[in-house]
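Structures follow.
Okay, so chain A shows up in both of these, paired with chain B first and chain C after.
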Partner chain A sequence: MTSRLRSLRDNARLGLVATHVANAARWARQHQDTVRGFLFGSRSRRGLIVTVLLYAVLVAIGFVYLYPLLFMLITSFKSPTDLLNPMVQWVPTQWYLGNYVKAFRVLNYPSTLLASILVSVVPSVIQTMVCSVIGYGLARYRFWGKGLLFALILATFIIPPQNTVIPQMLTYRQLGLLGNILCLILPASMGQGFRSAIFILIFYQTFLSLPKVLEEAARLDGASDLKVFLKIAVPSAIPAYIVSFIFSVVWYWNETYLTVVFLEGGIQTLPMQLSKFVQAYENLYPPGMVNIFDRINEAVKLSGTFLNILPLLIMYFILQKWFVESVERTGIVGE
Partner chain B sequence: MASVTYEHVTKRFGDVIAVNDLSLEVKDKEFLVLVGPSGCGKTTALRLLAGLEEITEGKIYIGDRLVNDVAPKDRDIAMVFQSYALYPHMTVYDNMAFGLKLRKMPKSEIDRRVKEAAAILGIEQLLDRKPKQLSGGQRQRVALGRAIVREPKVFLMDEPLSNLDAKLRVQTRAELSKLHQRLQTTFIYVTHDQMEAMTMGTRIAVLKDGILQQLDTPQNLYDKPDNVFVAGFIGSPAMNFFDATLVGTKEDMYIDTGSFRLKVPANRLPALAPHLGKEVVFGIRPDNVHDAEFTPPGINPARVPAKVDVTELMGNEVFVYLVTGKHSYVGRVDPRTNMRVGHNVEVVFDMDRIHVFDKATERAIR
Partner chain C sequence: MKIRLREPTIAFLFLLPAFIGVIVFYYYQIVQTGIYSLHNLQHTADWQTQPFVWFKNYATVFRSTYFWQSLRFTVYFTFMATVLELAVGLGMAMATFWVSRWLGGILRAIIIMPWVIPPIINAMIWRWLFHADVGLFGYILVSLGLVDKPPLFLTEPMLAVHSVIFADVWKNSSIMAIFLLGGLAAIPADIYDAAKVDGARSWFRFRKVTLPMLLPTILVALLFRGIDALRTFDLIYGLTGGGPGTVTETLSSFAYKYYFTYGKFGLGSAYAIVVFAIIVGLAAVYLSRIRRNMRFKE
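Moving on, here comes the complex of A and B:
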């Protein structure tokens, strides 16, 4: 009797175990799928492993690009003691602002900054406007010699500015314009600003992709050619204007070769002043007259460099979202 | 409100002739539809009138005024484009007010007109939106509104319904007809859809390869097409055509297609007599091919044996695809029909409604 009872009990236990095993197996199967999905991903989402690898690669690439900037930024805050201390690699013992004070003085920052803004923004505005008119004309009107004009525009793009700089400079000298901002404004207003060909092509493509029917509708609504351009074409091409303006400002800002040739002796821009940084520093702080800590060092130079790109960085951070969108949308204008 | 006259108008694009010697007169307050297949020159004809293309030869008048050299804005016309051409950066209100602002109209008057047009079209609640926030139907209304506020002499519409879905198209079709009655203005409407043309037009101009084929009322185009092209283009399903020969005598004439032979009704004999013995194109609309069991009264019947190839039930009617000898054709028969695929049946042609065309010129013989 007891043995029967025992066998019954064993059977019951076995059944229970079997159920547990089955449940566990089912759970494991489900669990395995979840884990596999979590690690390796599914069709709809990336797995953890792929994500980690992807981010590792992105961070590595990002670091390569950001390294010079980080190095510049951190070094510019190092005190002379930190610079000499081999233990200080990345984080300075104190955030030292003295370098910036010196660089600010050496660069003559307020006046060179103002000059830089003037020299980059004014021609950029003019260049953007003029190039948009040229691009619109090429995109919308048929006229004799259009092909030739295109070839010439491309030629200005292909021929390096070094080839034309001497005749240009001689012309400006004859006109008495050397050292005057008109050296930059005049070419920009004739569609000959720095890299104008690129902007003309951007606008040409943008206006070409603007549905012609919009302009026809405006014409029927009573708009003249000028009104069609100002009221229909320009508002539809805002992304192209933003991209062109930002690129133009950056290029005018960073251009040192041509600005030195055309403006030297007149306007002093930030990059021009930066190119003479060491000399200017030693004029202000003569090496024999100042103590060793005030002599020129990497930290001061990098502070100057950072002050040079700071306005561009601020502009970029303010306009970043707009800028990225515009770059993506340039040439893709639809209803 | 004004009439529109095309006088021997030709438009060439290089070697291509888009519109060829077009002469037609659109009466005041008329709803004229220009219809034809793609590339027939109907849109070009409209654009010539709008001033968006230059005329190569000929003259166009709006009312009594020759407009060949008049700028589009001074022609006092408004156009609704196929793509609507709404200004994407402006609100609906500004889209509609743009033309009036350019004409330096007082603000109060602009406001009144825009609101009135918006009320007519039922888009008052959309005035602050941008075009991209609107559905296709709403955009279409805004485009119409932009034309209405101008109160032009002539409305031009270039396939304005082709971007709408089928249901909305039918609905808007009726609304456009109503709008025409309400505004009492000349409408010129371009479409490739013969159904739109038939339902909306006071008169229809059928174009092919830049040449005007026929200009007539919808009913006349349907009943008395001038040539094979018009006969085949107007009506759905299209007219059945058979290459045939006129045989017999001048008093007892038959149309012989090779697959069947039909006796020519007496009233058609005089017109067809000169073509006796010649090849012709015989045409009959599917509506005039009946099931012998359900022949409507009052027709002039001619029985033709046929085999049923395919049947399509449409609810209120049945399309039967028939074969007789080497010829295939369509009949539109009573829905009670017992015709089934594969059956050998007898169909009845209404001989009072046959069409005969000269094979060489493709012109109707009447």
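Moving on, here comes the complex of A and C:
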């Protein structure tokens, strides 16, 4: 009895469901375009499915992209026991700071950090200023041989540094400048720092795109060229200055080939010290003297690596808003 | 009238550092390298006292099989890396541009990260990731059941070549994306709106509006990355050291080896000059091809 009743009720329920489905189908048929538009997108908006897919792909790519960095960061916090334990892959049993303490000492962090900042910020500031002056000169004045000078400057971008490194090094040695920061400042102050050509190009295009009217008006009022440049041109080219400065700092900071050649024996920068990490570690913690847990391991090396890129990351996160806006406003290349 | 008369003098003052700098720090040095390359210099650069050997160093360069091998690898590396970086960079730039402003900001911050990592450190990270015993990639492939034991990413010739390219693409796609984002932002929004009103679907819009408008930026970014890739040094030096054998030796690392490892300044200079000629040649061909599409000059 009860079973018949139940099956009746089930049938009724099924019937109800069927009616709902049929209703939905009819509704969908009636509003076919709306539904399709919602799911697959229409001319005016992106569909739900496409959006979800797009975001899923983005998340996946972002994860893959950041994987090396994340894994590096996590490993740098692993204690020696966690490192040996195959069960511990993603989450360490404790956030161990010992690696950072050791890496901090091995890198001689305060002094190498200061050296790195000095070696990248000072030439960058000079390079940016001088390149802006040159870019302004090229954009605003007409004179004999301008085309040639422009070509000569742009060609320096193509010339590989190994073509000039040996004669440069020998010249600096004769002048007794090897190991001195002047090796980097001198070329930068002549508009020939690392990849100066691209900065000159950025400023050239920026100044070219600024209206001349204001400058001409100021000139008629009797302002000197220098004053016109400093008071009118420079303030309107601030985005170009920001972009150039950030690019310049990153390139100077990251350059290891030339800094090793020019500064070896004098200034010890962070990347230079990092490349000697193992040796420096063993000087500080002799393998025979310390217990097994204080021997060098991947986690300590990765802490050192992370300490190395940390300053740039911090700088970038502070400046990134202006940086992105400036890149978009200057267009950097090809505009 | 007064202003026009003073103009050349003022221009001269503005451009004086450039005049001096470009001559002293570039062209004089190249001439000097050229002079070195004609002498037999061992552990000394005092060319006046050393034997003048005409083009013997160049003959040595062109006869060496290593040179041709490294040229082949460098060209292959440059081509593959640049093309892949363009593809990945374009994808990242488009994605960042399409999503909401808020998410776009986060994506931009993420995209930029590999760019701020010094190449030498990038090399260290990847050497560790590719490590045969403790490396992450080997571990992932094994745990997915794709291979029985971790592949020798850096010691098997074919794998080493592509591992190097992979590491370079990971790092340098970000700078490509930054350039392209700048280019995308420069495209006026009303062009998109016009295309939308005309009923163009997104793929069509991308192909017929975005790509052509972005082309000048793409071409310059390709040139920029291509030249950079041609002289790649830090990454490969740190990742494989040119190995296995000399499979991933680039033209730049050769010059470096002859200079600093063997102390053969004459031969190293000859290498440098040949590389210089190759890069200038390739760049000239590329520039003459794309000239029509550039909006560089006034």
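Methods note: the second predicted complex is superposed on the first by the 282 of 335 C-alpha atoms of A that agree within 3 Å, B and C clash if a C-alpha of one lies under 4 Å from a C-alpha of the other, contacts with A are read in each partner's own complex, and residues count from 1 in each chain.
Throughout what follows, contacts are C-beta pairs under 8 Å (C-beta built on N, C-alpha and C of every residue); 3 or more make two chains touch, one makes a residue touch a chain.
Predicted, not measured: the structure shown is a model, and the values here were computed from it.
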item	value
Partner chain in contact with A:Asn163 - chain B first, chain C second, else both or neither	second
Which of chain B and chain C A:Arg219 touches, first, second, both or neither	both
When both partners are placed on the shared chain, which of chain B and chain C touches more of chain A	C
Partner chain in contact with A:Ile232 - chain B first, chain C second, else both or neither	first
Touched partner set for A:Leu69, first chain B, second chain C, both or neither	second
Chain B versus chain C as contact partner of A:Gly191, first or second or both or neither	second
Chain A residues contacted in one complex by chain B, in the other by chain C	219, 335
Of chain B, residues touching chain A in the complex	50-52, 71-73, 77-79, 81, 83-89, 98-99, 102-103, 131-132, 146, 150
Contacting residues of chain A [partner chain B, same complex]	211, 213-214, 216-224, 227, 231-232, 235-236, 238, 335
Complex contact set, residues of chain A against chain C	41, 43-44, 46, 54-55, 57-58, 61-62, 65-69, 71-72, 130, 133-134, 136-138, 140-144, 149, 152-153, 155-168, 170-171, 187, 189-192, 196, 198, 200, 208, 219, 225, 250, 253-254, 256-257, 271, 274-275, 298, 301-302, 305, 308-309, 312-313, 316-317, 320, 324, 327-335
Chain A partner contacts - residues on chain C that touch it in the complex	3, 6-8, 10-12, 14-15, 17-22, 24-30, 32-33, 36, 45, 91-92, 95, 98-99, 103, 105, 107-121, 124-126, 128-129, 134, 136, 170, 178-179, 181-183, 185-186, 196, 199, 201-202, 216-221, 224, 227, 230-231, 233-234, 252, 255-256, 259, 265, 268-269, 272-273, 275-276, 279-280, 283, 294-296, 298
